[in-house]
Amino acid sequence: MRSPTFDTFNEKWAERMIGRISRKGIDSYLNLKITSIEPGRLVCEMPVVDEIITNIGNMHGGCLSVLCDHVLGTIMYPVMPAGYWAATTEFKVNLLAPVSKGLCVATGEIMSMSKRMAVVQIQVENEGRLVALAQGTSTIVPPKPKPMPT
Amino acid sequence: MRSPTFDTFNEKWAERMIGRISRKGIDSYLNLKITSIEPGRLVCEMPVVDEIITNIGNMHGGCLSVLCDHVLGTIMYPVMPAGYWAATTEFKVNLLAPVSKGLCVATGEIMSMSKRMAVVQIQVENEGRLVALAQGTSTIVPPKPKPMPT
Amino acid sequence: MRSPTFDTFNEKWAERMIGRISRKGIDSYLNLKITSIEPGRLVCEMPVVDEIITNIGNMHGGCLSVLCDHVLGTIMYPVMPAGYWAATTEFKVNLLAPVSKGLCVATGEIMSMSKRMAVVQIQVENEGRLVALAQGTSTIVPPKPKPMPT
Amino acid sequence: MRSPTFDTFNEKWAERMIGRISRKGIDSYLNLKITSIEPGRLVCEMPVVDEIITNIGNMHGGCLSVLCDHVLGTIMYPVMPAGYWAATTEFKVNLLAPVSKGLCVATGEIMSMSKRMAVVQIQVENEGRLVALAQGTSTIVPPKPKPMPT
């Protein structure tokens, strides 16, 4: 089934976001880097650095959740009109295989989008295998009406 | 409905884990601290420090996912026989309200447990409100049989 | 954590729904019967009749999904103002044990409720065991404004 | 990302299941009909008959849950060795649009499969739109070892 069509696509926002790594916060800690943005599709990478490997030798599963949550939170912005806000309402993630090295590449796709809400699916690959699959809901919040000038 | 009863409870493991903060990894970055462990019940805290607040002024939602994932990954150990291993198979989380300060307190409860699998529910409170609700599945993996001595 | 408090409770609606079995539809086919309604809490029963037992001797798991979905769809009505509408946006269900006889009793609880949305948890018991656990999201839709009289 | 490859494909089972409608049970009530089976892929149809339309004029959402659950429960059989058993452990479904007529066509795909477990995604289309998206986990249970002959 085809993805929905999108009325809006903020190319400038997309250009600004690609390749950037935050200087602060959990996305900075995990070196999350968006590498591609198209209408309704976003790719984000996370390098599996030694810092996030546990004693057992695998990456803490929580890192994959943050990666999925980050895709869910950013994929909406370029396809909403200016001033709109997207809140991740919920998501579900299946962790499919342990990760211990290389790069995690998450690809998100907006599968459905109404005025109120969007449903996004995310696949995460690592070393040629699928390591996580997520499905989540984003609530679209319109900007507050400006007060009438007096 | 009552929680399941548990045949095993590793009190020493529990004592060792309470109050400890990891020196490395995403749980260290987020200052995750387990404050209470009973059979089938575990409480874990995360302080909402400035480092994890985004430009908009709220905590990155991914931090709540890590917190829930961390509870899911640790709650199983004290109630499994030695040598067993628990793998977080999947979870679903609803994010209920933005978080911007104070302490997040996650309480996990094993709702069902068989030889193969457990289902855990987690509630996260912040500043007197419920801010996240999660439900997840943990797969119980028995230790590999030791090779016969020759 | 306490459930939210509710501004509205439509006692008449509750009285009308209790004990009634639909004459048509999948809830009628499954003999779904609401037995208790309080603000933010609803109990619904499903008898495990021979008709819904498969060749293997267990109830088709889909019946538990319908039961959970039905609770999610009805629990909202008595606590919303007249004219409001609740749409089940999504839910997740863990099936915990096979069911083959007796009565399934589903208890739903609204765990969180804003102007826009509610999160509901549901437990299903059968023969003294927990057999399903669900968590879902309901979107609250206000009535359409009436056109101005001319 | 490609689906997994499958070692087994029981073509006879597939042929026997295609086009058949059960004589009993909730799948019979909903006229569920499998129309296509390939390794790791299964299509199942549900006609939106008047019987399952509620007073409001839409199909009871629970019918979509049963359809998804049914796909999850049947997609595993042709790709498991004889004697194996698949138990739907959990699934999550997003309901995307109201359904009131025509045919619901569910397409399931096994996205990941290990010895222990498989993750399946399901899309349901109706009247040219996506109306439900589901993701679920199936636990693979090996046959019990036969007792030694005496």
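Letters A, B, C and D mark the chains as written, and numbering starts fresh at 1 in each.
Note that contacts are C-beta pairs under 8 Å (C-beta built on N, C-alpha and C of every residue); 3 or more make two chains touch, one makes a residue touch a chain.
Just so you know, these numbers come straight off a predicted model, no measurement behind them.
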item	value
Which of A-D and A-B has more C-beta contact pairs	A-B
Chain whose mean Cα position lies farthest from subunit C	A
Chain centre separation in whole Å, for subunit D relative to subunit B (CA means)	32
Distance from the mean Cα position of subunit B to that of subunit A, given in whole angstrom	23
Whole-Å gap separating subunit A and subunit D, where each centre is the average of the chain's CA atoms	28
Subunit C residues counted as touching two or more neighbouring chains	89-90, 92, 94, 119, 137
Subunit B to subunit C touching residues, read off their complex	1, 92, 94, 96, 111-112, 114, 119, 121, 123, 125, 130, 133, 135, 137
Residue ranges of subunit D touching subunit B (in the complex, touch as defined)	89-90, 92, 116-117, 119, 137, 139
Sites on subunit A touched by subunit B in the complex	24-27, 29-30, 51-54, 60-63, 65-70, 73, 87-95
